[in-house]
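Look at the two complexes coming up: subunit A is in both, with subunit B in one and subunit C in the other.
Our next item is the complex of A and B:
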C-alpha cells in the first residue's frame, strides 16, 4: 500500500501500460487515482466513467415470457436479470397445521389485512429463488450448489417481500361458498344451517418467483428486486374456483386478474471505497472515502462496506422499508440520512422506467 | 430431501392450475396449421456479446408463430475459457469441452426444478458431440472450455394437450437452437473452429384430416400437426459438407430407406439456412 500512496504526488514517467491493463493489474491504486484527480477543476470519476453519485440507467421490459404468469427483464448497465412469476395452487388440505379462516369474503378491515400477511408467511406462499449459475460471470459456473451470494440474495428478496408487505395476501385466497343442502346433512341439521353458508378458503395461490441472471456486473440486489417488483406488477392469475364435484380447484380461461401490489419500494445500493485498502479499524481519521453508488463488479471487489436502502416514495412522505449495511464503520448516522436522499433520486429513475 | 440451499416454498405439494375447458381443446387445435412452406425455417434473431464478462456469449430467439400462447425459443449462451484445467484433472492433449444446458424454471408448461434432469443432461451430451467436430481441439492442450446454455423460453404450446407427448419433439428444436447459439458464442470467444456449425431439424409429420399423407417439413412445431412420426436433428458444417451430430427419433418404415435419407437431407437444408443467419450475425459483429 505504501507504493500506492506515495505515487499520488508526481505522475510516474515509467508507466507504459495502457489504461485498461493498469486498471486490471492494480485496480485499487488505479481507482484511487481516478477518484482523486490532481487538478481541482477535474471531476472525480470512476473507472467506468461515472461520477461517484451516478447510477447506471435502468431499463425494464415486462410480459416477454409467455409460459409464466408474469415476467420482466431488467437491465442496468451490464447487469441483466430475467424474472418469471408462476402461480400454482395449494389446497388447504395439503397444508399441515392449517387453521381455518374465521374471516369472511367481504372483510376489508385492517385485521383481515394483517391476517393475510400472516398467512403469506405461515403458509410460505411466496417462493423467490435466484439463479446465478448461468455463466453470467466467470466466477458463477453451473454444476455446483448455489453460491453463498445466490443464497443470500434469495433470502434478502424473501425477507423484503414479507417485510415490506408488497403482495396483498387477500388476492391469493380462493374462496368457496358451500351450497345449502339441508336434507343431506347427517349431523345436527340446525347447527349446520348457519355455518354452511359462510364462505371458506379452500386453496391459496403460491407464487414461484424465479430469477435468472443473464449477465452479472455488480449490484445484483437492486436489479433483482426491481425485476421481482416489475414481474409481480405484471402478474395476472387466472380466475379460479372450487369445483365440489371434482373436489379440486379449476381455473377459467380469460378474465385473468392482476395482483394487488402495494407501493413501489426501490432498492438502492452503494459501496464505500477507502483510500487505504487495509486500514486498521479505529484509525480511520486520515483515511478518505468515497461512496460509490450502484457499484459494478470490479468496484465491488475493492469495497468491503456496502449499504442497501429500500425506500418507497409513492406516498406523500418517503418511507424507508429497509436498511442493510455491512462490512465497515464509515457510514454513520449522518451519511445514511444523506444517502436516503440519494435513494429518493434513484426511486424516481426506477419509477420512470417502470412506466407508472 | 429438500434442497436446503434454496427457498422451497410450502411443504405440501402445489399443483399447476387446471383449466375447466381442457377437454374441449382438440377442436380448437384443428383450426391451426403450418403456414410456412415445408422447406423454410422460422425467422430467427441472433446476437453476440450479451454477457460482456464472459469470453463469448450469444442470444438466439426464434420468431413466435403469431398464435397466442405459443412461444418462440429463447436461448442465452455463455462460453468461458479456454482456461487451464484444475490440477486434479488428468492430462489432456486436447481442449476439454463441457456443455451444460438448463431450462429456466419458467421456460416450460410445467415448472422445472433447479436441479438438472436426465433430459437436460442428454441435450448437453448431444451438444458436446456436435461442437467437438467443429473445434480445432489440439490447439489448446491441458485446457478446458465451459459452454453454458440457459433456455429462457422453450418452444412449447401452452394450449396443447399433454397426450400428444410433444416434449420429446420440443427437445429436438431446442437442441438445434442450442447448437446454433453455441457456435455463435464460440466464435465470439475466439475459439478456433474449422467451420461454423449450425443445427437443423426435419420431421415427418401427419396433418389433420383423413386423406392427408405424411410429408417432410423442416423446423416443425408439433402443435401445428396432428402427429409427428419421426424427427431428426442435424449438426452440419456447410463448407466441409460434414455432419457432426445426428439424432433421429421416431418410427419410420424400414422398407423405405429413401425416406430416412430424405429426412437427413432436409435437416441439412434447415441447418444451411440457420447457418446463413449465423454467418451474417458474426459478420455484423466483426465489422
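Our next item is the complex of A and C:
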C-alpha cells in the first residue's frame, strides 16, 4: 500500500488518502492489495494485521452475572458476547403429551442416555436465544424484529446443543421416591407396596440460555458457542426435591450442583476471499482465493463462502460435531479436511482459555 | 421402514408464476414458484447483482427460526448458481411451500421445532433448482443435493441415503451435501458425532448420488451394473425431467 500512496503522493495532495479512508472507500481492492504483497519476502496480511490463518485470541470470564445460575463473558477481538443460563422448574403436569418415565434413578446405561437426549428435545429443556443488541454494530437498528442473522444463530446454537449432546439430560430430572407407609402391619401388603414405590420423575429443569452481543465484529457463532459452553460449565443448579404435602418442587439453599457437561466442542469459522469480486461467474479458475480464519466484520462483508467446523479433541481421535459450509464452491473435500486440522489448533487455544 | 421411491417432479404447475415445480421424494413434497427478474425492494437492491430471495413455508403453521435458517442456507447456495451479475438491481424470488412431510410415529409431533431439519433440505434444494429451470432464469450450473445419515445398527455403522425421520432420530450423524453440475461441492452441512474418515465416506456416497456420470450409450454396460444402486441418480433425473418437459412443450410442432 505504501507504494500506491507515495506514487500518487506529491503533486496533488488532495488525492492522497490515509489508509483507513482508502480501506473504507474500496474495501475489496484494499484487502486484495494487503493479501498479495509485491515482494515475495513480505507475508500476506489482512487489514487488521493478522495473517490469513491467524485467529484473534479468546478471553473467557465466568460467573460475572450474580442473578443467573451460570454465566460467561467471551471476548475475541472486538466481538464480545455475554451469556447467562437460568434454570426454571417444569413440573411434568405442565408438559402436554408427557410420557411417564419407566426407567429408574440408578439407570446408567446407554438406553437411559438416549432417553434423556430425547427428553431434552421433546420437552424443550434447552432454550437458547440470541440478541444482537442495538449499537453493537452499525447494521443493527433499534426497534426492529430479530434479524435473520439473530434467528439463524439461535437455530445453529440450538441444533448444535442437541446434535453434540453437550448437556446430559439425566442431570435435569428431579426425582421423587414415595415413602412407604409404615402403618400397614401385614408383610404381604408391605412387600406389594414396596414394589409399587418406584422413584418417578416429577419435574425437569429447563435451561434458558440467553446470549447478548455487547459488541459485534464478525464471527458471531464461534464467540456465541464458546460463551454457551463456558456458561453451561459454570452453571450450578440448586438441589430440588418434591414436597408431597405441598405438591410442589422446593429448592434448598446451598449445596448447588454443577451440570454434567460432556466434551468440549469448539467452533472454528473461516471465510473465503476471492480475488475478483465482480468477475464473471465462471468455473472459478484463475480466481485466486484466501481462506481467512476468524473473519472480522469488514471481511465478512467481502466474503460469500463461509465454513464453520465444530471439533472435539478431548478423546484421542478428533471427533467432528458439525460442518457448515455454504455460499461457494472453492472449499472442496481436500480444503475442508485441511480446515479440520486448523480447527484442531483452535480447539487447543480455546481449551487453554477455558482453563481446563 | 424407509419408503424407497424414485423422485417425481412436475414442472410449470402454477400458471401465474414465471416458473414453478412440484417435487416429491423420500416422503417430502414441495412446490416452488419462481418470479424473476423482477423489481427489487429498495433495501434489497444491489448495484451489481440480482438479489435472490428465498421464502420457505412449512406444511403447518408459520415459519420460525428454523425456516429462516433454511432460507439463508438456500439463498447463499442459489446465489452462486444463478447468474446474478446479469440482472443488477433486480430480484429473483423463490417461494417454497412444503406440502407433505413424512411423519415419525416415535415422537410427539410438535408444530414449532427449532432444530435444523436435515432431511428436508435436499427436497427444498431440488425443487428450487427445478423451478429456476422452469422459469428460465440463467444459471451457470445446475445443482443436486442429497442427505446421508450414518446409522449404527447391530454394532455396525451403515450410511443411509435419504433417511426417514426415524433414521435421522437414531442416527449418529446426518449430512446434507450439494454439488453443482461441474462436480463442485456447493453446500455441506453436517451434525452429530463423526470422524474425518466417516465424512469422507459420506462425501463419496453423496457424490455418487448427485454426480453420477451420464451412462455411455455404447455397449451393454449402461444400466445393467447393479453396483450403483445406492440411492437415485439425481443428475440424470434432473436432466430427464427437463427433457420430458421440453418434449411435451414442443409437441405441437
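In this text, the second predicted complex is superposed on the first by the 322 of 356 C-alpha atoms of A that agree within 3 Å, B and C clash if a C-alpha of one lies under 4 Å from a C-alpha of the other, contacts with A are read in each partner's own complex, and residues count from 1 in each chain.
FYI, a residue touches a chain if its C-beta (ideal position, glycine included) is under 8 Å from a C-beta of that chain, and two chains touch if they have at least 3 such contacts.
Treat the numbers as computed from the prediction; the structure is a model and nothing was measured.
Peer 1: Could you look at A:322 and tell me whether it touches subunit B, subunit C, both or neither (first, second, both, neither)?
Peer 2: second
Peer 1: Look at A:261 in the shared chain and tell me whether it touches subunit B only, subunit C only, both, or neither; answer first, second, both or neither.
Peer 2: So A:261 meets neither subunit B nor subunit C here.
Peer 1: Looking at the overlay, what does A:337 touch: subunit B (first), subunit C (second), both, or neither?
Peer 2: The answer is second: A:337 touches subunit C but not subunit B.
Peer 1: Kindly classify A:159 by the partners it touches after superposition: subunit B alone (first), subunit C alone (second), both, or neither?
Peer 2: second
Peer 1: According to the contact criterion defined above, which of subunit B and subunit C contacts more residues of subunit A?
Peer 2: B
Peer 1: Is A:23 contacted by the first partner subunit B, the second partner subunit C, both or neither?
Peer 2: neither
Peer 1: In the superposed arrangement, does A:118 touch subunit B (first), subunit C (second), both or neither?
Peer 2: Once the two structures are laid over each other on A, A:118 reaches subunit C alone.
Peer 1: After lining up the shared chain so the two structures overlap, which partner does A:151 touch, if you call subunit B first and subunit C second: first, second, both or neither?
Peer 2: So A:151 meets both subunit B and subunit C here.
Peer 1: Is there a shared patch on subunit A that both subunit B and subunit C touch, and which residues make it up?
Peer 2: Shared contact residues on subunit A (touching subunit B in one complex, subunit C in the other): 124, 151, 154-155, 158.
Peer 1: Which subunit C residues qualify as touching subunit A in the complex?
Peer 2: 48, 64-66, 68-69, 71-73, 76-77, 79-80, 83-85, 107-108, 110, 114-116, 140, 169, 175, 180, 182, 184-196, 199-200, 203
Peer 1: For the complex, which residues does subunit A have touching subunit C?
Peer 2: Answer in residue numbers: 97, 99, 118, 121-122, 124, 148, 151-152, 154-156, 158-160, 162-165, 278, 280-284, 304, 317-329, 331-333, 336-337, 340.
Peer 1: Which subunit B residues qualify as touching subunit A in the complex?
Peer 2: 5-21, 50-54, 57, 64, 69-71, 76, 78-80, 100, 102, 104-109, 111, 114, 146, 148, 150, 152-154, 156, 158
Peer 1: How about subunit A: which of its residues touch subunit B in the complex?
Peer 2: 65-68, 71, 78, 80, 82, 84-91, 94-96, 123-125, 127-129, 131, 134-138, 141-143, 145-146, 151, 154-155, 158, 206, 208, 210, 212, 214-217, 238, 240, 243, 248-253, 297
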